[in-house]
Amino acid sequence: MPLLEVHNYTKRFHVHHLEREILAFEGLEFWLNPGEFMLVRGPNGVGKSTLLRCLYRTCIPTGGQALYDSLHGPGDLARAADVDIALLRRSEIGHVTQFLHPRPRVSALDLAAEPLALAGRMWEDARSEAAEWLEAFRLKRDIWHAYPATFSGGEQQKVNLVRALIRPQRLLLLDEPTASLDVTTRAALIERLRELKARGVALIGVFHHDSDVVGLVDRELRLA
Amino acid sequence: MTLAELARPAQDYSYAFLDEFAKREVRRRILKAIAIPGHQVPYASRELPIARGWGTGGLQVTLSIAGPHDIVKVIDQGADDSVNAVNLRRFIARMTGVATTSDAQLATIIQSRHRITEERLREGQVLVLQVPDPEPLRAVEPNISLAREMHADADYALMWLGLYEQVVRFGTFMTGASYPVVVHQRYLMSPSPIPRWDTPMLHQAAHLTLLSAGREKRLYAVPPYTDVRPIEFEDVFFQVENQQGRICEQSGAVNKFMNEIPQPDGSMCYQASDTGYVEKLVRRARGEPVAIGATYYDDDGTFYHPGYLKEQEPDHR
Amino acid sequence: MTSLAFDLPRLLTTAPLLRARRLTKHYGAIPAVAGVDLDVYPGEVLGIVGESGSGKSTILRLLNLEEAPDTGDYTLTIDGYRGRNLFTLDRYDRRALRVRHIGIVYQNPLHGLRMHITSSGNVAERLIMAGERRFATLRNAARDALDASEFPLARMDDIPRRLSGGMQQRVQLAKAIALQPMVLLLDEPTTGLDVSVQALVLDTLKRIQRELHVATIIVSHDLGVIRTLADRVLVMRHGRVVEHGLTDQVLDDPQDAYTQQLVAAKL
């Protein structure tokens, strides 16, 4: 059985005050094995991000199945209970978005370490691992203890990447993670993704520059 | 034969002033109070020829339990000769025919306001304390219905919170008279406004203590040989007033509860507040044969139940 | 309810710590809470949002056993209370349960604090209620709890009336966590605070949540607070749950017309 098997996946947004349905995508079919990388392609506004969000359950798909073979047992990401999804998010499924939700008065380092601490790691331990990651993504040391609300887009994105990648994952959803990164950080990220893939993590990605990941892609899903 | 001759001779009052039903009610309430040590029992509280708040609670108890063979002592703040004590004693004697005394050893009933005698009371004696405010929780819970619930649940946490506050702010417990006690490990009780010095005297006492509040219509009891513990922490202890170094100028008594008497030159002299005890000391000094009983505190200030009062090590904050 | 029907939990093997079913409470003819079900798992934060009068605070008062519901079952998976409907506890057991296992922070510190008692005394009260009678223990526990809620210890013996709103909330929080409860109820804990103070209190709440791993319910009409703290969220209107889901899902892909309106109204 593949790690993820998606059938007839469909998402429509129902906007009540407009009394309108907006179609995001319809009837998607794909599967993914551990260690495979699937690139999602298509023009702007075609629902690429929404697909990732429907797998992470930030959005609720209106039809279809996403059968996921978790370590806790098989489940349908489209219909699993909220607490099951929360469990998978803590332990197996990561989502890298373009946006950081910085919290007032929380430093970059603490924000990066938080997911590990929430997963049960000792706080000091989590902080030292977060420091290694920030180092790897070349976030300037002197702003580690500053508040990310004041950071540039690229700096925020680095913190965001660490938050998403620091936890052990089995399925990683990447929503334009390189969008606001400089060339060297982009290379560092791709290197990390390559390592994760080699360790058996399955990846689904939307990339602004597909050329970034050209050597990693096993499969493509084209939305139109 | 005239109508007047047929009628029984006129009687102005029942024996002991209160009518038989009133006395019977009070006696029944007393029995209930003894059965539930420290628990406040409501009673009707009749009209008396003195005003509420002047000892009517204690007086109703004394009148209800006194018989012609009793010997009654009445004291007010330790004194047998204050106006209130004299008036109450005269009224009780006139209405019941009891003998009166100032000697705590001779009395069978001792009605008191604000003090317990320095000499130990013995089995068979009854101490009647006049109580202005029977509710120890009033300071922390003004709503009396809630206070009742707290008694029912033995929920006295707020009292210890009060102790915590006193230690934090002042380094020690600040309550003077009426120091709250827990009776028989169950009910929180106000011992009436006796000084802290007297509070330990209620613990495992040989005599019966009846406490009665006429205005508030409540009475309660400490039966003989019952545990009475002042509220305290396990590491910060209840302390009595320090009487060290004070000598009664009339009798030479030491380590008894003293009244302070300011002198014109600004200095202070002391008199033991228990006048019956002082009188006996003075008579003995004159060479008269007087029987003086053992006191609760000896002349070194040691309380007669060893270990009940504990030394406090300074600065626990 | 507009939320789509989801499966029952299958992957998560732990049982909910707190479970409430068919909570209903009327004030006169007005239904404040009309048939609400909720589960909270150990270590989880459940948010409840909705406009004033939607019944959110009433739910907290019911769960804190301050008020009796008209109907409803309420169970906690705690030794000694398993399988008992907590609404049927008598006054004595109810008090013991609240002291030991439930902490609450009210929007208005007047409800949660004794204003004429020192801050440390307010915290110590909880231990006294649980039977502690050593002064030194009370003192140390109060200091530790106040420290954990990041209250300035130099002011631990000030009365709350002399403290700022943010500090009063910290005293409430210290009181709530002093005995390491299983359930923490937060009723608009940062409403009425300055924005900067609000951020600090939120940060403290988040850290305490992480360290104590307590099951938390937070009521707020501030969606930012809910996004920061809650794992899952219930949206309430007129005493009913109109939508529930993962916090990011409810805020980013609301299903119900009312929730869409609520989310769109956020600044």
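Lettered A, B and C in written order, each chain numbered from 1.
Everything below uses one rule, namely that a residue touches a chain if its C-beta (ideal position, glycine included) is under 8 Å from a C-beta of that chain, and two chains touch if they have at least 3 such contacts.
Nothing here was measured: the structure is a model prediction, and the numbers come from that model.
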| item | value |
| --- | --- |
| Touch-based graph of the chains, sorted into line, ring, star, complete or other | line |
| Pair of chains with maximal C-beta contact number | A-C |
| Centroid comparison with chain C (C-alpha atoms), farthest chain | B |
| Chain centre separation in whole Å, for chain B relative to chain A (CA means) | 78 |
| Centroid spacing, where centroids are CA-atom means, of chain B and chain C in whole angstrom | 49 |
| Centre distance in Å when chain A and chain C are each reduced to the mean of their C-alpha atoms | 31 |
| Of chain C, residues touching chain A in the complex | 4-13, 39, 41, 44, 195-196, 199-200, 202-203, 206, 210-211, 227-228, 231-232, 244-246, 248-249, 252-253, 255-257, 260-261, 264 |
| Chain B contact footprint on chain C (complex, rising order) | 91-92, 95, 117-118, 120-121, 124-125, 128-129, 133-136, 138-139, 157 |
| Touching residues (chain side chain A, partner chain C) in the complex | 13-17, 53, 57-60, 70, 72-73, 75-76, 79-88, 101, 103-106, 114, 117-118, 123 |
| Residues on chain B engaged by chain C in the complex (per definition of touch) | 149, 153, 155, 157-158, 160-161, 163-165, 167-169, 233-236, 316-317 |
